[in-house]
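First chain A sits with chain B, and in the next complex the same chain sits with chain C.
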Partner chain A sequence: MGLLERPGYVAGGEISFKSELTSGLDADAMRKLRGKKISMIFQDPLTSLNPLLTVGAQLTETIVAHLKMSQADARERARDLLDRVGITDAEARLDQYPHQFSGGMRQRVVIALALCSEPDVIIADEPTTALDVAVQAQILDLIKELTVERQVGVILITHDMGVISDTTDRVTVMYMGEVVESGPTLQVMGKPQHEYTKSLIAAVPRPQVKLKRFSQISYGGRETRFAIEDLSRNWPEYSNQPGKPLLSVSNLKKRFPISRSIIPGRTKWLTVVDDVSFDIMPGEVFGVVGESGSGKSTLARVISGLHDLDDGKVMFDGNVVNDPSDREAQDRFRREIQMIFQDPFSSLNPRMRVMDIIAEPIRHHKLLVGGNIKQRVDELLDQVGLGTSAAAKFPHEFSGGQRQRISIARALATQPRFLICDEPTSALDVSIQAQILNILKDLQEYLGLTMLFISHDMPVVRQMCDRVAVMRGGKLLEVQKTDDLFENPQTAYTRELLDLMPHLDGLSQEGLELQ
Partner chain B sequence: MFSFLVRRFLQAGLVLLIVGFVAFSMFNFVGDPIDNMLGQEASQADIERLRSVLGLDQPFVVQYWKFLINALDGNFGISYRQGRPVAEIIAERAPATLELAAVSGLFAITGGIVLGIFTAIRREGFLANFIMTVSLIGVSLPTFLIGILLIYLFSVELDWLPSFGRGEVVDIGGWSTGFLTASGLKALILPSITLGLFQMTLIMRLVRSEMLEVLRQDYIRFARARGLSERAINFRHALKNTLVPVITVTGLQLGSIIAFAIITETVFQWPGVGLLFINAVQFVDIPVMAAYLILISVMFVAINLLVDVLYVAIDPRLRS
Partner chain C sequence: MTNTTSSKPLSSWQQAWQSDLAWKFRHSPIAVVSLVITVLLVLSAVFAPLVAPYNPFDPGSLNLMNGFTAPLTPNAFTGDEFLLGTDDQGRDVFSTILYGMRISLFVGFAAVTLGLLIGVTLGLIAGYFGGWIDAVIMRIADVQLTFPSILVAMLIFGVAKGFTPVEYRDEVAIWVLVIAIGLSDWVQFARVVRGATLVEVNKEYVQAAKLIGRSAWSIIFGHILRNVLSPVLVIATISLALAIIAEATLSFLGAGAPPTQPSLGTLIRVGQGFLFSGEWWILLFPSVTLLSLALAVNLLGDWLRDALNPKLK
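Up next is the complex of A and B:
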């Protein structure tokens, strides 16, 4: 695209488009090509549209810039494009602003923008990474349709193996700036030649079978050992009452005001969690799945005490959780339930050193004093595979996967019984995801931790959970043993979710540890 | 939107009440106006009589309450020094200050935004770096020094522009304006620059840093990838997104232009309300001081209200 920003520069090689050399063109000539012949779709539809201009204004200005037509004609064309990418009531939508569209709808607008100039090639950079599975399938279908209908070439850049195997004809695997393997998708996915490709494919969670662990064909020194056995040595013995649930949620309700009014009765409310009840047994990994907006994250926050509940009851180890009169029980509860958040970039305070981040819960609950704190932090860092030298560093010095390890160390600092994992790997690459999921599996196995595991990724849920609850619009649709849910879904919605999973039949089975 | 405005107006009223209260409670410490008014030879009986006529023998809370009741009628009392209604004196002086503030505000905003955009787009250019360096001087020099330097250069050495006063003014329906005569316009130049220079450099630096931030955003990169011209990207897409924080700071700065006019008016002997206030302080002319402080806080509150409304006008996300 010629959008490389300084100090980056093209050190060598050439790019040609329709047999004409495009590398080395000056800025003006490049601009004529860019956007007109080659256009681009960005990863995050929430940030790739200008929030202060209407969708219509952004479409028409692009059309006028490339196709030399009047404003009125451009508007008509803009309307047709919105229509084409599947946005209903296009005429009215033209005058709306980006924030009035949902994520998937915005990505459709972005695609319409990329189509404005009738390009020959579209570069799609992780076009569905920020979207829900259901929306992802729709957007990928749309892109596939357009390639056939308009004879556009699409370069799809992604870390998602499911997207690659479902969508593309040919694929190129890159590692550390170099192409390691290239060929027809079926061949590369089914019979990978290069070690790195093999390790990537082995790390993909499978929807059909449950694995014992994710196999880690290490390549390029990415593997770091997680010394879970050391952790279990001085872990406290929690006495679980057999046959009784550790966490019990009954008729939970949570609502938020959507438009406040001076008159209390006129405030409008949105019920986000609606009459939800379930039990989690000690040592169990309980999954909650659903698309974004289904209330699963809010549920996690209510259980952890980050939000107050409006109605219902949460019991933990036989005690009511949200009872402000019992301070001691509240303290104990806050120590024994810990949380791992989705985004490792915003869930660690950038101004605090890793030492202080992990020590904070220990100090808060006064579990240890003085030098013992430092010793505990060092142990934890060793155990999550980061090494004691990490203590003096700041979060920005770590990669996404390493930061999620810091989050895990922080959650383990109080020696909890119950972990709430809210989409712990959805911001991570597939091979990093496999490592983090292995850590969580080990925690459950060696320490007997009970977990609430929230995800929108069905294959991951299949690998991780003993039982799964399906949520939609704040309501619990069904709760089943994981295998039963996947083999024999009870509701139409669950079947829909399962159908949207990528079909990874063609993927190589090499190196998988089946359970 | 309606409930937002109602809430804002209530807050504004509360702010004005508190400012008035604080101002009044401080007047007790400024000195006794009676000494200045009657001179050394006055008898104790005269002093007591005048004190009770002016209501100064009452506790300040009562004084404040009376002031509020009268102020609601547009009656700000009689100046102790001039013996004329304060409202009349301020109305006479206000045009001078408001014209000065308007011109220097306009200078600060246009200059600041234009230079800010320029230095952001040509980030590495020689001229942009030069402007950034010079702007540091604008930020760091105190207002009165800039005024004196300008007077020395343009009035004393070059003799191009007048060093004090408003020049000839024309009276239009009780509003005396300097916009309509050549000497009036010439007289505005130096005070306006003096008053606006600091604000201009501040706005420029703010616009520049905001603009650089916005230019890094995804939607700018996407606009570039769509092949839009640099002009459309810089002025249509980037500028508008720069405005929200810029408006916040500019609003506060415009308020302080009026408040800081005191120094500039003193340096240039500009016959505005700032100069009036300084004289009032020297004479402990409580009605004038109170009216001035209320006037300034009304301006601040009004500007901030306007800023809030402008937010909504610029950013559609705040409308729902």
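Up next is the complex of A and C:
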């Protein structure tokens, strides 16, 4: 696109468009080509539109610039385009500002913007990464339709294997700046030749079959050894009452004020978690799925005690959780329930060394003293595969996946019985996701940890959970055994969620350990 | 992945030297010059008894005959020569400046420390707890901001003076000055720290600490404090310059350091009486010193603000 900023430069090679080299073009000719013949869709629909101009103004401006038509005609055309990308009531929407559109709607506007000049090629750089699953499927369908209808070529750049296998005709796999494999999508996905492609495909969570473990990425020295089984040596034996749930949630309600008022009756409330009840048995992995805004993260925060509840009860091991009158129970609860957060970049204090981050829970609960703390931290770092040299470093020296492993080490430091995982891998690449999920699987297998696993990613849920609850708008729609849910969904909404999953039938089965 | 370019582990001094901040510092001539001037002035003030040729407060070394000696000119009566001349009482201006700067710097540092402690603590509390605590603290801050800070300082100074017995007034004057300037200064710290705290509180590491069971105080001072310190450092540096000026202003107006312990402001006040009778050096040299000190510290603060601001990279 010629948007590369200095000091980046094209080191060599050539790009030709319709058999003409683009590399020799001057800035002026390049500008004409860009936008007119080639347009681009960016990753973040929140920043790729100008917030101070109406959508209509942005569209007509582009149309007038490229197609030389009158304002009125351009507006007409803009309306047609919005209509085409699936925005209802296009005429009225033209006069609205970007902030009045939802994320998916904005991405539709961006696509309309890219279509303005009737380009021959559209480059889409991770167009759906910032969007919800349901919206992602719609946007991808739209892109597919448009390519057929308008005969445009689309270059889709993404890290999501599901998107690739669902949408594209041909695919090129890149690793460290080099093309390692290229060919028709079905062939590359079904019979990968290169080791890197194979390892990538093996790491993709499948919706159809449950795996015992994900095969480790073993390409380019990125293999990481971790040894969760070592943890089980001095893990405390928790005496679970057989047949009794470890965590029991009954009629839980949580609401937030949307507009406050001094007069109690006039405060407006938004009920985020509405009358939710379920039990989690010892050793079980209980999944909660739902799209963003369904209240699943709030549910996790209420259970963990980060938010107060408005109504209902949470019982853990026979005790009411967060009862301020019983300090001892509260202390025990803090030790036995730990949480792994979604964002590995904000869940570790950037100004603390890893040693202090992991030692904090040990010191707080006075589990160990003196040199034993250092020893325990080193052990934990070894067990999550980071090595003891990590202790003296700061979080910014680690990648997202490594940080998430530090997070896990911190959560394990108190030797908890119950782990809440709030979208633990949604910020990670597929190969790193496989690593983290493997660690979590090991925690179940070797330590018998009970987990509440929250995710919007259905294939991941299939891999991790014993039972799954589907949430929508704060309400629990159904709770089922994972296999039953996937084979035989009871509600229309669950079916819809399942239909939105990428279909990964064509993916190679090589290197999978089935359960 | 970590980007370790060198294989040898670096000592902490080497690490500091190779940090981004140190690199930026070495490549900013203004910052280097400002730091050199500041360090030079601070050191000469701290070691004034060693550097100064005379002790201006030792009556034994004073000779009234030396009064009004011009710089670098031998005195007509005694033949003594003084680098920057002498004042009406025959005190060496160079030495009084060094001793005066001690008072100025002490009041500046102490006042900023006081303002910083109060402001940072209240800002953290307001940002962390929110609700009515936040409202009360920030309204007090807003009210104080509507008065010029020098006025607030004079008010505090006046009230404190009224409550101290006459015989102790000179002794406590310096401390009253520190409290007056410090209390007029905390608002800036509180506002900035509150803003930064509001951002930090919503980060997941704070929730993780809550889940561990840490108390509000250990989260505030153990986790959040270290993440809001870099803007505090910037404000502290700029406040130091302002506090030195505020002290000079108060002393110049007569509401500050007593003549027995003259600060730069007091020296300027004394000097202005002689401006039109030809003894310009008594006023000029303390003024230039004050100017260079305040300017150097201020430029240093400005540079620090730009260097620590990720948006200006």
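We adopt the following convention: the second predicted complex is superposed on the first by the 486 of 515 C-alpha atoms of A that agree within 3 Å, B and C clash if a C-alpha of one lies under 4 Å from a C-alpha of the other, contacts with A are read in each partner's own complex, and residues count from 1 in each chain.
The definition used in the following text is that a contact is a pair of C-beta atoms (placed from the backbone, for glycine too) under 8 Å apart; a residue touches a chain by one contact, two chains touch by 3 or more.
Small disclaimer: the values here were computed from a predicted structure and weren't measured.
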Touched partner set for A:159, first chain B, second chain C, both or neither: neither
First (chain B), second (chain C), both or neither touched by A:361: second
Partner chain in contact with A:341 - chain B first, chain C second, else both or neither: second
A:61 touches, of chain B and chain C: first, second, both or neither? first
Touching partner for A:393 - first (chain B), second (chain C), both, neither: second
Partner chain(s) touched by A:110 [first = chain B, second = chain C, both, neither]: first
Chain B versus chain C as contact partner of A:144, first or second or both or neither: neither
Chain B versus chain C as contact partner of A:51, first or second or both or neither: first
In the complex with chain C, residue positions of chain A that touch it: 301, 304-306, 330-331, 334-335, 337-339, 341-343, 346-352, 360-361, 364-365, 393, 397-399, 407, 410, 414
Sites on chain A touched by chain B in the complex: 1, 3, 31-36, 39-40, 42, 44, 47-53, 61-62, 65-66, 97, 99-100, 110, 113-114, 116-117, 260-262
In the complex, chain B residues that touch chain A: 3, 6-7, 217-219, 221-229, 232, 236-237, 240-241, 314-317, 320
Touch list for chain C against partner chain A, complex: 1-2, 203-205, 207-214, 223, 226-227
